Amino acid sequence: MTNHIDSVKTYAIVWISLLALTGLTTAVAFVDLGPFSVVVALSIAVVKMMLVALFFMHLRHSGKLTQLAMAGTILWLGFMVSFTLADVFTRGWLGVPGR
Amino acid sequence: MMATETENYLTAGYGLKSWLLTKDHKRIALLYLFTITLFFFIGGAFATLIRIELLTPQGDLVSSDTYNRLFTMHGITMIFFFLIPSIPATLGNFLIPMMIGARDLAFPRINLLSWYLLVVGGLFALFAMLAGGVDTGWTFYTPYSTTYSNSWVIATALGIFVAGFSSILTGLNFIVTIHRMRAPGMTWFRMPLFVWAHYATSVIQVLGTPVLAVTLILVLCERVFHIGIFDPALGGDPVLFQHLFWFYSHPAVYIMILPAMGVISELISTFSRKAIFGYHFVAGSSMAIAVFGFLVWGHHLFVSTQSVYAGMVFSFLSYAVAIPSAIKVFNWTATLYKGSISFETPMLYAFGFIGLFTIGGLTGLFVASLGIDVHVTDTYFVVAHFHYIMVGGAIMAFLGGLHFWWPKITGRMYPEGWAKLSAAVVFVGFNLTFFPQFILGYLGMPRRYHVYPPEFQVLHVMSTMGASVLAVGYLMPMIYLVWSYKYGPLAGDNPYHATGLEWRTSSPPPLHNFDELPVVTYGAYDYTTVPEEVTSVG
Amino acid sequence: MKIPLFPDAASNFAPDVDHLYFYLVAVSVFFTVLIFAAIFILAIKYRRRQGNDGIPRDIHPPILVEIVWSVIPFGLAMVMFGWGADIFFRESRPPQNALPIYVVGKQWMWKLEHMEGQREINELHIPVGRPIRLTMTSEDVIHSFYVPAFRTKQDVVPGRYSTTWFTPTQTGKFHLFCAEYCGTKHSGMIGWIYVLSPEDYQNWLSGGNRTGTLAERGEKLFNDLACSNCHKPDNSGRCPTLVNVFGSSVKLTDGQVVKADEAYIRESILRPDAKVVFGYQPLMPTFQGQVTEEDVLELVEYVKSLTPKPPAPAPGVAQASNR
Amino acid sequence: MWIFLITEIMFFGGMFLAYIVYRALYPGTFAVTSSSLNVYIGAANTAVLLCSSFTMVLAVRSAQLGRQTALAVNIVLTLLLGLVFLGVKAFEWSEKFAEHHVPGTHFHFEGIANQGPAQLFFSLYFAMTGLHALHMVVGAGLMTWLLIWSLRGKFSAEYMTPVDIAGLYWHFVDIIWIFLFPLLYLIDRHLK
């Protein structure tokens, strides 16, 4: 799909960073950061996802359309999660059970 | 009797193998047509039994268990095995490559695989029906479907799961085809609106269907392994199931209606001999519906113990999605202005569609309103509303489109007189069947009721009478279309003086659609470019 | 034969919903007639005439037209949204002085309990002119409590409480339906709401058999289940006292503060360590599976009775509507 | 292929949503049950999978350059690492069986009264890791097939689309695990 060939060095750097991030996220999990531990864990996961997608999956060399489609899908997933959570978290705001 | 002298896709081979292993999108479309017609009559048979049962307030024809299975299987068959594949998999499959000037879809093998998946899914569902049926309602609400129902939930859900992949693959195929296979000069805004509508539909299919698939997987896990996922006894949340289910199933309504809108755009334009008023708005509104259609699912949950605030957001967005539909109706109507209008059968169906869709859409405003929905949800009002959209809308368009492209598909004309009669019978029968149900609904008649209070009987009898008229209306095309396949008058390449690329090749089309691939230099609906040697009809 | 065309309107919400309905009907009729007439007139006027086979000129729509017919329907729709949301919001908030009634749905019957201890099945007697608040749950699948004459409907979901309220405005006998499909005898899960005059309601209350008020039955359960060994009124037990708990804000072990409502008490009985009160150990055993939903309701009512209501009317004593 | 991945994202997305909702509803229970998973095994397995993605991308690169031997070697490595991952996963599951942490009638989680939500956690754990493992099995099948084809010398710098597509799939499955790992193993571990 793409003619662009990255060097082994690039891949190796990405690979090492991925392993390092895995170590980091595991270590951080034992530290109490309050509500931020979720944020940190998921941010690291997002960074790792971006590394894999952009370098290993060559998304950075792909056409605009593919990139747009991926971004759109993530957005869609975001809609699904956020709208459902909007329901879950606002239940009970009225102080009336079941409302 | 040979249809034409030259070889076409119908005469390219006669053996069973030449059909069952075909990679030709036109033949696959006919396979689909055959399959969904079968399911339509199965679903129709269930509907007939339901309507006969409801003639009397008592439950005297069938038992409650049987009745529950009837409406469940009616819904499942009609939605998953008829409406969702109806227009996209038949007319879409047949026409999209021809309309954009391609020889086939991007992945012909996957196209055939989709058909087989639908058949396999259908066989699962048929097995469930023959083995004793399923009684959860097509919505599979938990915990009834996971814990309490003693029917063939697993087989049915598997069937829908498999058929879902058919739908995903079709969508995928269309998207890639529309992106990659357009003929030289066929820019995005030269595409017919039919193609636009299918593009929007495909996006929904690809994004929505997997969520239904995973939801069904979770339900199956829970039912098979007795692990709790939505089980309230373990603290599970049945409303979460409803969120996941409707995240697909509301957009699924748009999977049914968007292609119908695409058909209507073609019909209105052709029989007015005029470009669609506001082409860009109609194309854009398809995409707007596809996007906003995903954000309104919560309006099925207003009384489900969903939070009040979520309810308000969903209600607001539901009104927002009504606007693109309104834009389409206005633009279609405006297209007639200063046109040259002829009244062939497809146009009659198109008029019927606009009328019924207008009523269906406007009653959608009732159920989107929180205050009224609390009263009418889960009543016959909702039943009537979605039948106006899905039967009055999608099936009218399907029949209209089938008549319109019938000469292209078979090379022969349908009998015009009978066809006009059938359009009228369907329209009258439909209104007689479903209009009384609006009144029933506001009176408070709940849906899925086997036995009902006697004061509702008169309206139910009217509805059943209408249903028998409607049944006649649906049987007529079935008979005369089959007849005309063999005995109808030869149609010629472009009997309606229409503009699409599909009309610029012979009828029936040659095996690879075009003898030489067209180069497009004009927009859709430019009637001055249609060659003059048309055979005029009517 | 008489064909019914419009349902009884017998609650405070019925006129509101009906007025909104009329507005929607008016808008719908207007647009339906508009579209039908336009199609009819245009189709006749511009029909293709014999010998005039020409191709009409394309008309490019003035952008203004598209804007107008987008904005006007949007405006009308926003009125519908706001109006409907307003009704819904009021339907969601029961007034403080509402008469509480407890509802348990199960395949395929409605079980209703009054504060005074009357239990009914598939029948509900209530006084006219007083707000009624229903607290509902289900023992099995999802049901839905639907009274068309009151224009009110609320799903009854297993594993949680749902709430609805209304003020009946007419005496009489009205349909009660289950509106969420619940299995074989879904259509048999129906009943009647009897709206009585205050005097008749008093008579009805004093008649019939009763086995103590709901709170009294709850108190008996509280002792039978040995809850009273730990939850002592003077807070000397191993568990927090329940006096004055209902309606208060409770601080939990994880620092969260929650409001002690019916759902909280129910959860604490069935899943005690879901929300442990600050400063206490998660010692309490679960009562999941040992008590029915009705038992839980009685216990909840008992806990509620431990919080004296400031100006609330004595239960059952007819007090004129606050509206 | 990318469109197929969109489908897969939404597919797993539904399950992630279910997990997030329940975690929001029962934070305490989920913190306890989540902490019962062995984080070191989880982290090691994550590393294994990341290594396999690295060898996979090297395989794609070798194919682009037309290096037959390197292609075959990297495919073998990817396949092996994938199998290691599945083996470790199977070991973890068997542990759960021994501990009665498998949802169903024998489910029991020590030291917690909230058996219900605890079971929900493990239901979702098994559903999510199970579906992920199923995707891994499919991936392993694809690798085997690629291996056979590459040994037959079918791929070249000109024809390598199957390698590319299988690579995309493999990385995608990797990404799913990148999210599963913190969600299932890590979040709220500090509370324990």
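For clarity, chains are labelled A, B, C and D in written order, and residue numbers in each chain start from 1.
As a working rule, contacts are C-beta pairs under 8 Å (C-beta built on N, C-alpha and C of every residue); 3 or more make two chains touch, one makes a residue touch a chain.
Only a predicted model underlies this, so the values are computations on that prediction, with no experimental measurement involved.
Across A-C and B-D, it is B-D that has more C-beta pairs touching. Here the chain at the heart of the shown protein, by mean C-alpha position, is B. The mean-CA centres of chain A and chain C are about 40 angstrom from one another, to the nearest whole unit. Averaged C-alpha coordinates give centres for chain A and chain B that are 37 Å from one another. A straight line joining the Cα centres of chain A and chain D is 15 Å long. Counting only residues that touch two or more partner chains, chain C has 92, 154, 157, 160, 162, 271, 274, 288.
The residues of chain B that reach two or more other chains are 207, 211, 233, 235-237, 239-240, 243, 247, 305, 308, listed in rising order.
The set of chain A residues that touch two or more partner chains comprises 73, 76, 80, 84, 88-89, 92, 94, 98-99. Taken together, the touching pairs cover every possible pairing of the chains.
Residues of chain B that touch chain A in their complex: 179, 207, 211, 239-240, 243, 247, 294-295, 297-298, 301, 305-310, 313-314. Chain B makes touch with chain D in their complex at residues 168, 172, 175-176, 206-211, 213-215, 217-218, 221-222, 225-229, 233-237, 240, 243-244, 247. Across the interface of their complex, chain C is touched by residues 92, 94-99 of chain A. On the side of chain D, the complex with chain C involves touching residues 26-29, 112-117. Chain contact summary for the complex, chain C toward chain B: residues 1, 3-7, 16-17, 20-21, 24, 27-28, 31-32, 35-36, 38-39, 42-43, 46-48, 52-59, 61, 65-66, 69-70, 73-74, 77-78, 80-81, 83-89, 91-92, 107, 140-142, 144, 146, 148-149, 151-155, 157-160, 162, 175, 177-188, 190, 271, 274, 288.
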